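Chain lettering (A, B and C) follows the sequence in which the chains are written, and residue indices restart at 1 in each chain.
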């Protein structure tokens, strides 16, 4: 399964990854190889087999009680923030 | 390079030594910190060394022991793979994206081991975001194999394996998504255990592939793993995939007899890809088990050869979503002067992530995208079901499975960087266990050309005690696990 | 060309849990930015979601109330896209296996007819944060307090055919979620929002036209206006040779128009897949039965009962059951009065409603409680005062907080029922107005009202109207 430049550019856009001019052909090549390799899965006998989303079968999601268990740690959590103003995370203007 | 002498070979010995007051935790910790510092330029196993905090914790441990508080592990030093969040300490995941990230909280694993009294020496180098089999993708430079520093230690837990192999840390935590504990353990001649999926909490373990990731240990011996696995394991209400089942005392059954144990040799593991000499070491190891009363038979898991392509659909898919949170807004790398929102995201991520991470994010984005989801993602999850069924069938005939961990011994740094597939095939024997959520171990079982070889054990879900028992009995009859590279002896 | 409109609504209702759907942060409205956003809400590295059981119960309550099938096995899926108010870069939602499957709701329309509106599904998901644009030139500030608040997304079938139908359906859902105590329905605070999918097609055509989605409508008025504008826009566009583009639009209330959302230039590929951090939600019969047993009497049931028990019209019953609080108020009044259901209904729907509206109050904050109103209605029923006088009494009750009896006493408003006194007043009026008397007796029947008015004036409005009528008729007849 071969990918082309347009494919890589589309994927990179969806994934919000800026790629340089030199990078693009490298990814076209390596991703094409990966998908050629992964194509082996086509011959697997999966008719009637359910997809396995979780490795341990038969488990169900636990429900937790509806309790407030957190207090305000804004100062601590915002220490890692690149840009904060009046408690808000600042980003370039969001246009709707 | 001459390192100060290693205080003891194993955690078990340290536990005895501390209890017998042969040394204090402060003395122990200082000795290891000295070794860490001396070895760092040559191995690059650590990203962060928390010397002051370690000595302070060691002092507190000594006080606790003197006051009759604490337990067997109180004061034992160890190091954490830099994928585990450690409160107040840099947690980089081997990436530029998190090069300045100081975690505001402790991973459950870290908290558990701290509560058991261990002392953290620092954070260990790893492949970026746990993606790699050679520790060559780290933003902080490659880790070198203590047995031959021109060679890779394996990955992604390369720092963990190298540190333990060089005896600059008595033990290390690590994580395994497709073999990232077992394969570096094999390449470095040390013991590694990946528990059953859900045994160890993933809360605070930076996610790569959520349905495959599992936290575990790299240690000198199976006995050491048994000592440390308990405090790491157990139900965690913060992790919905954490299993609520009791944690046995893994040390209690270590010396049980192997009489009546049936070991299955997985036919598909002994394929053309396996280096002949490595294969020979594995077969020699088999006779050690037989001599102890185990019976060996051949089993077949016919869908296993599809493990690697399956993994390289599922893991990238999950990681492409897990890594979307790294966007330069609330933490992590942000590009300079973003022009607009799209620029903020694309440039921060383009700059912050290395090539392998970008490759896997793009692979994952593609396999989940409209029109490809059924053909790739769903298909792979169905094959995953087939592989799990193969294992289940094998376990109806035997108690444990045995095979090689890695197809070759450690390769040279830079050797496999050109073709991703060649690199991916390093995990050909280990990936299956992750897909099926099964526990697995790697034990040193000999050398090829002076380089360590590891044998792999795989067990049914929650059979860690049995596996550790078999591994321990093997290590009672052999001393491969006690070998240390001359430069680090 | 005759056009038909096809509308489907996606309603997002915030569930009234104390804590968020996947974390233990508080959900209370109005906190300082980012003080109710913990590590899980912030999407920090290494954190994991844990499901709030109450959110599940609330979703099941809703499903049962619309007669839907509750999925015994439902799955959370990740909806992947990049937006600053979405910290993880994905929203945890439900895709292929939602917790609530097909149901339906009967909606009473303006013209009195009933319409059955299909509900395709309802599912659980987490809300996103908010972006603020004031005070940050060229930038936006992100507040993640709201990120992780539980939502139920209710998707209707494209069964609605006009803006009015859409509003009626939306109001019905609004009433229902408040009845069920699963949502406070506060649209100003964003607890209840609606996206409208609107398309047009030539009348008689089966195939649906291309639809546009109008997002984040948070008032009934806006929903109606936005849909009507959109219908016209689409018809004009097609009739002038253009094509409707499938896109997301926003309603601008100041301009009264919808416009395309600039940021969504390309159709988003959400790449849904089951969230590996969450296990399937498995609900057994015991769980569902437990929730069913906790359901209150639902609006339709209550309205039907009001028709039966109180002899009210469907319309009146509908108005009185618009909220559980109002219905409870009404029933308390009737109970205390011991009957006169229609009279009580008129007072609750009439004067009481008018005063509540005037002061912008909800029924719970009424200045006249059920007992108070019952007291007043009782005095009408036992003819102590007339209905007309009662209006003045009510107004005095509202402003003073005093009881009906106290005010009647203070102001001496007791009705005059003494036949002799009324007759005397009538005779006086007749004597003072000989001209009108002669005209009436010679056939001008309309003048009856004149005499009624005069006698009422003479008695300060306190003559019992029925008695007055009877006696006046007799006396005028001579």
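Assume a contact is a pair of C-beta atoms (placed from the backbone, for glycine too) under 8 Å apart; a residue touches a chain by one contact, two chains touch by 3 or more.
Everything numeric in this text was worked out from a predicted model, so none of it was measured.
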| item | value |
| --- | --- |
| Which of B-C and A-C has more C-beta contact pairs | A-C |
| Per-chain CA centroid nearest to the all-protein CA mean | A |
| Chain A and chain B: spacing of chain centres that average the CA atoms, whole Å | 23 |
| Averaged-CA centre spacing for the pair chain C and chain A, given as whole angstrom | 41 |
| For chain B paired with chain C, centre-to-centre distance based on mean C-alpha positions, whole Å | 58 |
| Junction residues of chain C - those touching two or more other chains | 39, 42, 44, 50-51, 82, 84, 142, 269, 271, 276, 278-279 |
| Residues of chain B touching at least two other chains | 101, 104, 211, 237, 240-241, 320, 324, 327, 329-331, 341, 345, 365, 369 |
| Interface hub residues of chain A, defined as touching at least two other chains | 14, 16, 53-54, 59, 61-62, 64, 73, 77, 89, 91-94 |
| Of all residues in chain A, those that touch chain B in their complex | 3, 7-8, 11-20, 23, 26-27, 30-31, 33-35, 37-42, 44-46, 49-56, 59, 61-62, 64, 73, 76-77, 79-83, 89, 91-94 |
| Complex interface listing, chain B residues touching chain A | 100-102, 104, 196-198, 211-212, 237, 240-241, 243-244, 303, 306, 308-310, 312-313, 320, 324, 327-332, 334, 338-347, 349-351, 353, 355, 358-359, 361-363, 365-366, 369, 376, 378-386, 388, 419-421, 424, 434-437, 461 |
| Chain C contact footprint on chain B (complex, rising order) | 84-85, 91, 93, 98, 101, 103-105, 107, 202-207, 209-211, 237-241, 317-318, 320-321, 323-327, 329-331, 341, 345, 365, 368-370, 373, 377 |
| Chain C residues touching chain B - in the complex, by the definition given at the top | 39, 42-51, 78, 80, 82, 84, 87-90, 142, 269, 271-273, 276-279 |
| Chain A contact footprint on chain C (complex, rising order) | 17-19, 23-26, 32-39, 42, 44, 50-56, 75-76, 82-85, 131-133, 135-136, 138-144, 250, 261-263, 269, 271, 274, 276, 278-282 |
